[in-house]
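Given below, in the form of structure tokens, are the structures.
One chain, chain A, appears in both complexes that follow, with chain B as partner in the first and chain C in the second.
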Partner chain A sequence: MSELVAQLIWNGLVTGALIALVALGLTLIYGVAGFIQFAHGEMVALGAYSFMVMHKLVGWDIFPSAFAAVCFIIIVGLLFEKVFFRPVRDADPMIPLVISIGLSIGLQALILIFWGPNILTISDTSFRSLSLFGGKILATPSQIWAVILSLLLMIGTTIFLHKTKIGKSLRAVASNRNVAEVFGINVDTSMTWIFGVGAGLAAISGIFLGFEQNLEPMMGVIIAIKAFSAVILGAVGSVRGAIIGAFLIGLSESLLVGLGIIPSGFTAAIPFVILIGMLLLKPEGLFGKRFQSLRQ
Partner chain B sequence: MILEIKSLTAGYGSGPSILQNINLCLHENEIVTIIGPNGAGKSTILKSIFGLTDVRAGKIIHGSRDITHLKTDQIIRSGIAMVTQGKNIFPDLTVEENLEMGAFTRRDTSEIQKRKQEVFSFFPVLEKFKSKKTGILSGGERQMVAIGMSLMLAPEVLMLDEPSIGLAPKVMQEVFSKIQEIKNAGTAILMVEQNAAKALEISDRGYVLELGKNALEGSGKNLLKNPRVGELYLGKSK
Partner chain C sequence: MLEYIFSLIIITLIWTLLAQSYNLSFGLTGLFNLGHIIFYGIGAYTAAILNTRYGWGFFTNIAMGAIVSGIFAAGFGILTLRLSGHYLAVATLGAAMISTVIVTNWVGLTNGPLGIRGISEPILWGFTIQADSLSFVILMLGIVGFCFFLLYKIFHSPFGRILRAIKDDEIAVQAIGKDSFKAKIWSLILSAAFAGVAGVLYSHYRLFLDPTIFALPEIITLILMVVVGGRGNFLGALLGTILVIFIGEMPRFIGFPDNIIGASRNILYAVLLIGTMFWKPRGLFSFFEK
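Moving on to the complex of A and B:
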């Protein structure tokens, strides 16, 4: 395997891991709350910006800054659920969806107001790339952390959902909310969990994304579109599907552009092409059940 | 008396009262069936007991405790369980997980394990499918999962809303005989059933409900013989 291909695969894995964290939250929130949270990308952006504030402006070290940023975004996520989504929980799912679109636009505007339209950066010269596999791949420490941590988080989330009582109750609410209530599962608590976990994963993705690219107000929208495509690619509501979909999108972006198959100006179109192709050929997603609604 | 409803008036939200001045009781070791035409409010009685409606007047007493305005999880803890009508399982969870979720309000893990084994020995088919997604099971098997989930709570009172709905006659027979076994094991049963004839056969007593009001009451056998009941609900001519 040529060094170029190895490097492109590594880059694709890094992008895929960051998309996967966002897609995981998106698919979990969809499964339990029943709507696509359009402002989820803004949680990623806010995660990146709050980390930047703590690390570069306040001057904390990387780990305390990251911890503070993640905590802050989790609180924001919980507040959003309580203030904006809980009051319309039993309404038509279009209503929370439209609210989330409004939130997304509002949060982009807030980022513009606070930090302006100019791009900002987190990374500095102290991050030197390391060579892996005998020099075949160059990787920054943050990329290695991103890949390892997101894999651990994905495994952890899966274990949480399948092995713990709270995790199982979240899947129960996703599967049949009415029956969950009949057996005393508190739906408020379930929503708190799912929005908290989703926001936390988005914030972590945002912090790593801040090391990979510039911070700009629209960064959340861009990764949210990729995550959204990943979720549809895998099958809406499916955890495994979202993760595999995310890596497929990350890898195809990196390889198609890197190998010159598609001009780099078209990078942003790749998730859409995959998305449209998928909807035409297999609308239920890679892991979806045909003609069966995922929710009752 | 294990459960008593006194002059209950209830409805949903700001809507009209669906139940008006309902009186009903359930003794230990008894199967009581509520029958009546569509829209008479049969299911609403069960939902009211379970804290899922707005009770406007009257009382619901469980044992010696007033449970009228308790929340569902408190009512479950007091020893009442309900098998709802229709989509009453978690199709995306395995059979075993469904049973565990039935016992969600319980903390004692060794007790949960014990109950799970009891449910498996009561419904052997569930043990066979315990790692399978419940959504792939047949209608009868899903109904057994639903009843099994409630049995995980070892309830004093088990309420069943239309347990035979959508089941083939042979499977229905099986479900009804299981209901009798549950009663014989010491759980009082309050059931709403469209198939009045079959349900009254296994019932100790029955209530006939019309337009949200008590119409008739009697032993299962007497109600079966009653010409008015026969005409209205059992499809017999005069």
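Moving on to the complex of A and C:
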């Protein structure tokens, strides 16, 4: 029993780490640009697919192809910001949200046309599972990498936001765009940074997700929807809130289903049941008062 | 060919009713509710279950669909309408996901992913009205026309003006002594009742129902119709729906291969949605607005 629980906690941590990377980008974009980027999930999917292309079709090693995939997605993210979101930056926040919904369905359709509806996998190069803690937990190297790297990226992002000049200017824009502009902060540059960082984090999450599951056009939406819940769960715009929300969702999915408390058919509903329950009890978000690291 | 045209007209009529009902809560009142499809699905399942289990007919089901959807919306509204903006959007999107999961897994009630077969056709004065026949089109025109008349009355009533004012400035509405929360709940209930009717029409037209009716693409199509036509604009949403359905049928006529029809339709939708937001953010038919 304790082995099962330990294994489930490990699986939950892996899922949570992958959701957290997506949620981190979403919450940063929400904080600075002021809208929920619906097409963020497609960045995850595109990350996974471009890694698959570099690794399996072109035949590069894992690390160079991961690097190439992340760079490619960052460029896509920056282009999106420039072409689609910059012109409507000062409009009603509804408008960029609707545009990102359009981008989301368009990109999914493009993935479907390019790669077809067939389910693809990356993990035939799969490494053997390792046993940790004296055989209590089975974990693949990619899972260990995912957890360690995402923790490092989360710490790195927090340091970036609080200690560097660019990070501080991003927080200033998030707090009040007009005042920041008056003080000479370039809002265009801030937007470029935030969309670049967000897309890069999503791509990394996508690559790891590709090792965990099959590639399919909808894979991005599925994780993005969990990330939306994580972002709202932790209080929109808050970095630590989103990360904690993501791990909460990952762990509760894994534990509730794994221990048979909830039938596996209901897995997809878990994040939202937690979310809606939380919104009713504490509408300002789990960490609404304490952790407004981006807004303040 | 004639059957195809009839089926296209019927589908368009059902969608215009659904889109116009969404226009009442999303367009006019400004509730960014991404879960509107739930009410449509509830209407459709109410009709399917009452018809196949208890043999209830088309016309009683229309009333039942509206009532069940409306009651559900009241509960839904009390739970979610304390939220607004992006919180409301994500919470209601979540509610739509939860309802898909429930409908798929509650096999005893909904027959799960296999769906409900054998829903009967509408019977009027002893005559069975076949799907895709001229009489079905006329029946639909009558029902959807009547619903449109009611919706038009709601849009242009004093209550409708309160809803429009809530979208512009909710605090100002409260300041002049109107209960904005109550108005929003009523807007959601009415909107859900009409969506429920649209669901009943769908059930009795398709004669088969499965959980894909709740799917995410349907929600996006619905948003597309209202946003392209013009949020809160009665004629706009009507024309928007017709335009979206017309554009959605185009890939079939151009002769794309079957396996990419769905995908190319979504690309057209994406272009339409993004283009509208850039050039006419108030909707393509915003010139109808007073």
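As a working rule, the second predicted complex is superposed on the first by the 285 of 296 C-alpha atoms of A that agree within 3 Å, B and C clash if a C-alpha of one lies under 4 Å from a C-alpha of the other, contacts with A are read in each partner's own complex, and residues count from 1 in each chain.
Everything below uses one rule, namely that a contact is a pair of C-beta atoms (placed from the backbone, for glycine too) under 8 Å apart; a residue touches a chain by one contact, two chains touch by 3 or more.
Since we're looking at a predicted model, the values are computed, not measured.
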Exercise. If you stack the two complexes on chain A, which partner ends up touching A:174: first (chain B), second (chain C), both, or neither?
Worked result: first
Exercise. Who does A:184 touch here: chain B (first), chain C (second), both, or neither?
Worked result: first
Problem set entry | Which superposed partner A:116 touches (first chain B, second chain C, both, neither) | second
For this session: With the two complexes superposed on chain A, say which partner A:36 touches: chain B (first), chain C (second), both, or neither.
Result: second
For this session: Using the touch definition from the top, say if A:259 reaches chain B (first), chain C (second), both or neither.
Result: neither
For this session: Examine A:275 and indicate which partner it touches, taking first as chain B and second as chain C; both and neither are also allowed.
Result: second
Exercise. Who wins on chain A residues touched, chain B or chain C?
Worked result: C
Exercise. Which chain A residues come up in both lists, the one for chain B and the one for chain C?
Worked result: none
Seminar exercise, completed: Seen from chain A, its contact residues with chain B in the complex are 165, 168-169, 171-172, 174-176, 178-186, 296
Exercise. Chain C touches which residues of chain A in the complex?
Worked result: 30, 35-36, 84, 87-88, 91-95, 97-99, 101-103, 105-106, 108-110, 112-113, 116-117, 221, 225, 228-229, 231-232, 236, 263, 265-266, 268-269, 271-273, 275-276, 279-280, 283
Problem set entry | In the complex with chain A, residue positions of chain C that touch it | 32, 79-80, 82-83, 85-87, 89-91, 93-95, 97-98, 100-102, 104-105, 216-217, 220, 223, 227, 259-260, 262-267, 269-274, 277-278, 281
Problem set entry | Residue ranges of chain B in contact with chain A within the complex | 50, 52, 72-73, 76-77, 82, 84, 87-93, 97, 100-102, 104-105, 149
